[in-house]
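Naming follows writing order (A, B and C), and every chain is counted from residue 1.
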Amino acid sequence: MDAIVVNQLSYSYQVSGRQILKNISFKVAPGEIVALIGLSGCGKSTLCLCLGGIIPHYLGGELTGRVSVNGKDTKEYKVAQLALEVGLVFQDPDTQLFSPTVEDEIAFAPENLCLPVEEIGSRINKVLDILGISALRKENPNRLSGGQKHLVAMGAVLALEPAILVLDEVLAQLDPVGKKTINDILLDLRQQGKTILIVEHDLETVSIADRVLVLENGLLLRDGQAETVLADREFLLRHKLECEV
Amino acid sequence: MFSANGFILRVLSVKRGWLMAYIELENVTFCYPGQSRPVLRDINLSIYKEGVTAITGANGSGKTTFSKLLIGILTPTKGWIKLNGQLLTSLTLAQIGRRIGYVFQNPGKQLFCETVEEEIAFGVRNLGLGLSTDQVAQKVRMVLDYFELTRYAQVYPLSLSAGEKRRLAIAAVFVLEPDLLLLDEPTTGLDPYRKKLLGDYLDKVIAAKRGVVIISHDQKFISRYATRLIKLQEGQFVEE
Amino acid sequence: MSDLDPRTKIVSILCLSTLAVFLNEPWPLLLLFVFTLLILLFLRINFFRITMRFKKLLPLLLLMLIIQSIFTAGGEVLISFHDINILTSNGINSALCILFRLLTLFSSAMIIMTSSSKDYVLALTQLKIPYEIAFMVLVALRFLPIFIEEIKDTLVAIQLRGVDLQRIPWRHKIKFYTRFLAPLLSRVMLKAHQLAITMEARAFRVYRRRTYLRLLQYSVADYVVMVFFAIATIVVLARDFLY
């Protein structure tokens, strides 16, 4: 079974009526790392919201077509139930942190899953350890720096241990050490058979991907092997995905 | 008062073509209230109104704190900062804002108007040039066009995407015609095309004899545009 | 004492404030205030440093006390002016009562700060309150500082765009603030909305119950403190009502 199935997905916002996604179809197999690239405003974030079921459950507008994650149709399941399959890390860390300490923030998801106390504790330790933020355990998340907040938000979702992980421009605000840490984690997760979708601008950071999807003005422009797409300089330059500096 | 480090820097600044430092920091230490370890320690630094000064450092090394000190949002626990020869503490935020254009790390926080157009017009009106409504509108149109924001003119700023918000925030402080631009992580959320636009724009700013300070991790961007590189390490600066 | 169960802290706050409301003489109230200060000292809270943050409210408090003492009649006349009694002993008495009462209420509320807000969520859920409601309280508590920070950021941004807020006259200032109130509120609403999305995207409310990393447990100290407070309150109040 495919991890992610997107079938003829179109979406337009309620207010402006502008069509953000236009008839998009693709599938992602388990254990694949897929990078989603495209210019600002091309609909990448909107697509992420569709995968987590936030569209249509939270944001109004018109959605046609079908999105399913691990066989669950996003229209039929609640966001919380979809969260059992897909973990979403959003762009803005400030709206993702609400607990008094980093530890509580990471504990939140496993607590919702009704895991036993020992399991929650071991997940926290594991997540803090692989992200290299054990020293921040008792800190107030709101007092951390921008990059550290991103790591905590990432940790809070990793503690869910979802089969599918969606990262919306998480790497952009991290220093080289942080980027390397996340890359290693992603490669490790792939080894465990998890599916990962990363949204990024920087072509270097998406080089760990197996496959690349290119979005332009809401259309799926290209879907191909990472090496092929990233090596096609002429294509990348033409669509402003890479620029001569 | 007259530390050896500060002296050496001053000699260096003389060497830089007798250029006067635009911002001077002497023995600046900063510690958040209730914390024992200072974020920044005994910093002596001069920043010039020329080129692009890039400040790098690991996550949580105090880069954003440093930028808040430069703009007067935070005040040093020890030491002083001078802007164009005047003590920063003697200036109001409005006076500082007209000389240093500051773009927040999270630009959504600095947008407070109802439309994109209004956001730009706000700064234009505060310049005190006594422009007529038509002149303001004309300038706003020009800036909107320059930053490719024209099609969003009537849009609510917070409904823009992250990259567009940043572009708008830069445009909004740009109209104040500051001497120095201070950008905290400006390339976050920008696609390569917009990054290049930002870079092109920085080139224009420099050509107009104004300075830019960027705080960033983006090695590629820095290595292309920065003329001076400073690294923040354990609360102190290392010139590279 | 900072290791006390949050529920014990809530009980002690309730007892202290009940006493502060029902006691009606300056001396017992002063005693109660000193007792509360001692507790704060025990909890390593610096009452005076926190109070200084509210120093702008001091003139208001002072004015209230003066008005209170002037308008309360009875007792011995201390100052009079042409047959009008300006200050009486009863006036001073009631002003002092109000002062100590407010101080006690204010300082006892500070006891709450010694536990993390997550502990209060636990306390509420263990008091059989549905966890959804407990978390609503937690998020609301977290939202207050976020809201204040948003206001601060907006004010800083406005000033950095060349507006001298300190120098514009009062009338304009009010107009200015109201103009930015709507965008500010919608920004906070947006944040609340996104926070709700984040919580559900982390499987909040997926099951009817949830587990917790920590569980609260009463220790012997908790029982001692709670019984002490309960008895002390009942005794003092009973004595008061019997008179």
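As a convention for this text, a contact is a pair of C-beta atoms (placed from the backbone, for glycine too) under 8 Å apart; a residue touches a chain by one contact, two chains touch by 3 or more.
Only a predicted model underlies this, so the values are computations on that prediction, with no experimental measurement involved.
By count of C-beta pairs in contact, A-C exceeds the other of the chain pairs A-C and B-C. The greatest centre-to-centre distance from chain A, using averaged C-alpha positions, is reached by C. We define each chain's centre as the mean of its Cα atoms; on that basis chain A and chain B are separated by 31 Å.
Centroids of chain B and chain C (each the mean of its C-alpha atoms) stand 39 Å apart. Residues of chain B found to touch two or more other chains are 108. Contacts with at least two other chains are made by residues 92, 94 of chain A. Residue ranges on chain B touching chain A, taken from their complex, read 57-64, 105-106, 108, 161-164, 185, 187-196, 199, 217, 219-220, 224.
Listing the residues of chain B that touch chain C in their complex gives 71, 73, 92-98, 102, 104, 108-114, 122-123, 126-128, 158, 172-173, 176.
The touching residues of chain A, counted against chain B in their complex, run 38-41, 45, 91-92, 94, 144-148, 151, 169, 172-178, 201-204, 240-245. Interface residues of chain C facing chain B in the complex, by the touch rule stated above, are 150, 153-154, 156-167, 180, 182-184, 186-187, 190.
Residue ranges on chain A touching chain C, taken from their complex, read 52, 54, 58, 78-81, 83-84, 87-88, 90, 92, 94-96, 98-101, 103-104, 107-117, 120-121, 124, 142, 156-157, 160.
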